[in-house]
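Two complexes follow with subunit A in common, the first pairing it with subunit B and the second with subunit C.
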Partner chain A sequence: MINLASQIHPVLCRELGGILILGVIKLALKVKFYSLFRINLKSAGTEYELDNQITIAELIKKLDQDYDGYFTQKLLEEDRSISSGAIILLNGKNVIHLDKLETVVSNQDTVTLFPPSAGG
Partner chain B sequence: MRDYLKRQQKLFSKKQQQRLEELKVMVAGTGGLGTNQALQLQRIGIDKIYLYDYDRVEISNLNRQLCYGKKDLGRLKVEAAAEFLREFDLETEIIAKNEKITLETGVPGDIDIIFDGMDNFESRFILDQLALENELPFIHAGIEEFFAQIMLVLPESKLRLKDVFAGSEKKETPAVFSPAVTVTASLQVLEALKYLLQFDQYLKEQLLHIDLLSNQMETIDLK
Partner chain C sequence: MGKIYEYQVLRVDLTNEEIKRETIAGEMVKNYLGGRGLASKILYDEIDPKVDPLSPENKLIYATGLLTGTAASTGGRYMVVTKGPLTGTIASSNSGGYFGAELRFSGNDIIIFEGKASHPVYLSIMGDEVELKDASELWGKTVYETTDLLIEGAGDKNARVSCIGPAGENLVKFASIMNEKDRAAGRTGVGAVMGSKNLKAVVVKADEKQVEYFKDEMMKVVKKQTKMLKEDGVTGEGLPALGTKVLDNIINSHGSYPTKNFQFATFEDVDEVSGEALVEKGYLESNTGCYGCPIRCARKTKLPNGRSGEGPEYETGWAYGADCGVNDLNAISEANFICNELGLDTITAGTTIACAMELYEKGYIDKDELENGPELKFGSSESIIYYTQKMAYREGFGDQLAEGSYRLADSKGHPELSMSVKKQELPAYDPRGVQGHGLNYVTSNRGGCHVRGYMISPEVLGVPEKLDPQELKGKPKWVMTFQDLTAVIDSIGMCLFTSFALGLDDYREIVNAGTQFEYSSDSLLETGERIYNLERQFNLEAGISPEEDKLPARFDEPLPDGPQKGISTKYREILPEYYEVRGWQEDGWISDQKLKDMKLK
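Right, the complex of A and B next:
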């Protein structure tokens, strides 16, 4: 193992005294909060290691469990459509242009949530 | 170089300074963002500013729209703003256009960029469409309370404003006040300049999110 490690990254191996430390890359869905969401929740976001892909609607339920129902209130209208006071981006794309609340997300995706600033 | 620009000489190459002094822009909306943009653009010595608005000055404008005072109440915004800016007697040409921006608006043929000075997303989507049809760069900003976002949309951009902000059209009147509006408009001018003067770093397929309450600025990748 030490010889193999030296071949892979001799400098790093010397620094670590010849011991190779193997890290596990965690696959997870990243959810980022901005603006008032971040301030209200005192959190910049969260991560979920998913067994299977889920929809945005299911993600909101998961978030609600962790943040005391906050996201249904902020992201959805009473008729369960996406609120005009919230942007939901999946890897930078507004889910309104995808499958809205039925848009599927999985590990390695990034969901960005923020209230848009409309004034001027 | 214009004599009053000496203190910014070291910031730019000769080519950049020359380009700066040749820039012509459209400020679409002379409200909070637009009046602040115009003040900054005039101070840095660009060639020409077209001011677009169709409204008159109201009392509720005076908490953030820096070209107007109580004496201007009831006046056409573009006329009052143009008069205010011209009184500084700097070289930038100020052109007042008392027009509502629609999909039929004829954008001036000599401009380099369109500045978003609107206060709602319906108007911004129209402006973005005009920018696309005229193959012009468009710099968006929106401000609400202590939060803002800025996005540079280029003729070749894959994502237009609507791709990111669809669904944001209907909202009650946002809370806005002068310090946050001024910071946002200044950043909007800076970001536009970084692109127009060909600095290496500008907003490429990114949204700049500004949180003035927590002093955080972050870019959100849009690709």
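Right, the complex of A and C next:
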């Protein structure tokens, strides 16, 4: 039985050699970890299938649940603003130039997280 | 003992093999600090800016910074200043490692090389004994071989060597000068000027540390600043762990990661070549650092084939990687090692091959010209290694590559395919994605360069504060401030990377502590402005007109891919305001009044 809820819907219905192949693509929010996040957590990222849109602040809470409070500590100041130098990108755009922690994300978006980083 | 604000100068006349001693002190030091600033002033005063860079009339200046060899964090840098053969502009290229500090310890703060030796020579500084020695046996040797032989000859394993490789001898226009084998005064072709003078190396070993400064006053500041550097997320954590290659994914995610000679701004195989990959693939052995450095961003790597060396840095990894469409980290690292051994600037070497790949794929280079070498196709890891060797020795098609991308593309009738400013190749940030950084490229005094005013820091990395990379308002002033502050840091002999954690007030504090000078933050920054104006004036007098303050036409086309798709460069909209905030004329020239105000006339 195919779940037709909003986050999962059938997109691949192709006939191959007379057999109907029914596929599904999960729609999910992709979260990518880089730099020390990736090295320290030994993970390149995670995915969340969202029922509704959430904010970046809510996403960080979700991540905290899965990673033992790690992301609040690394991305936020004590006053819960984004730490200087921490980079949170929504589809390649820094959320600082969108609605900061109130920026809304949904399935199909990609959020990319970097701790303070620089080079040259 | 030498006070750090009284520079002891060795003037080495290579033509007549004579060495004289001089001292520079007083207002010259207060106005130009040392390193890049003071050496630029000497060059401007002593040569005609129109000289052929590879003629005996050009001079090559080694200069330590004001705080080089002191306890200042990262205070080990030296600068090489000359007129550059790649750009025809003033060239200055600095390097870390330990050579600069050792030179300072020896009581020789600046070396001015003049003329041209009749045969290969090197300068030997062993304690108080300073002499030119025959280098015929060293000529043709690699950087590694030369360094080992000179240290062996000095009879002291702690002797430090700065030298050129075959690329410098062969007058490759982007040859580097290397110290401790892997540290590079890389850009602008300073190594070719050294080669043109038949000067192979400088070897130095001090008997005692001849560096006198206000130590107690300075140590308090050093302690504080070292703590700041260690506690900062970038200098205390990110750079030690991943080095500069932490940037691959950041810049790629922003859509400013030049790919295939800047035809695209994202690289699909970035995960194969990133800093994270260097760790995950197990190539990274350890990190290492320069004199007095708490950051330690350098990479020691070992490849699966057993070869080991230093690198790749972000710029190198990108130039040979994404810019050439190559996703083989093994080949990229190998090309980096070859550059270090033969003495080539990795940025121009890699990007010149990328330019040649586009020329070849578009049919502007004949297969016959390659003389049975591998085809210059994007993605060819074989090519990047093969042609790097060939360019250093100017063999076959390498002879054309050795001229850099601009002259190569121009000779094929397509100069627009060289991704350069003032004939020096652009580094690893597409200027369409970062508008302030684009303005920095066109106004850099040494041609295409990211370390004259690193606007990536505010526009992408959020240091010291986050600016919108597409916003134009206020950017000219930001660019000017970054350029002037960088000139200060380059002149006091500290590493530019300290500026991720330290600010202008911190530099003022450490300079004043060590010298007991009384700079205000404003007057210190004005020193940087003076240096910037001096370099610009040198270039104008050399015949580089403000019309050269421009990007290649490719950047007027919209970005074809990535998060910033559809955006083109907007530097022309803010260049007039930049001239205005600099106090220059509308046409980009510097008025006599401004030169007087800057104490340049």
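Going forward, the second predicted complex is superposed on the first by the 96 of 120 C-alpha atoms of A that agree within 3 Å, B and C clash if a C-alpha of one lies under 4 Å from a C-alpha of the other, contacts with A are read in each partner's own complex, and residues count from 1 in each chain.
Definition applied: a residue touches a chain if its C-beta (ideal position, glycine included) is under 8 Å from a C-beta of that chain, and two chains touch if they have at least 3 such contacts.
Please read all numbers here as calculations on a predicted model, not as lab measurements.
Engineer: Now for A:101: first (subunit B), second (subunit C), both, or neither, which partner does it touch?
Structural biologist: Touch status of A:101: no partner.
Engineer: Which holds for A:56: it touches subunit B only (first), subunit C only (second), both, or neither?
Structural biologist: The answer is neither, since A:56 touches no partner chain.
Engineer: Contact-wise, after the overlay, does A:112 reach subunit B, subunit C, both or neither (first, second, both, neither)?
Structural biologist: Both: A:112 reaches subunit B and subunit C.
Engineer: Which partner does A:41 contact after superposing on A: first (subunit B), second (subunit C), both, neither?
Structural biologist: neither
Engineer: Which residues form the common part of the subunit A surface touched by subunit B and by subunit C?
Structural biologist: 32, 34-36, 38-39, 84-85, 87, 89, 91-94, 96-97, 112, 114-120
Engineer: Going by the contact rule set out above, which residues of subunit B touch subunit A in the complex?
Structural biologist: 29, 31-34, 116-121, 141-145, 147-149, 159, 163-171, 173-176, 181, 205, 209, 211, 213-214, 218, 220-223
Engineer: For the complex, give me every residue of subunit A touching subunit C.
Structural biologist: So the residues of subunit A in touch with subunit C come to 32, 34-36, 38-39, 83-87, 89, 91-94, 96-97, 112, 114-120.
Engineer: In the complex, go through subunit A and note every residue touching subunit B.
Structural biologist: Going through subunit A, the ones touching subunit B are 32, 34-36, 38-39, 82, 84-85, 87, 89, 91-94, 96-97, 112, 114-120.
Engineer: For a test of understanding, state which residues of subunit C touch subunit A in their complex under the given definition.
Structural biologist: Subunit C residues touching subunit A: 232-234, 237-239, 241-247, 249-250, 253-255, 274-276, 279, 297, 313-315, 450-451, 454, 456-457, 460-466, 468, 496-497, 500, 562-564.
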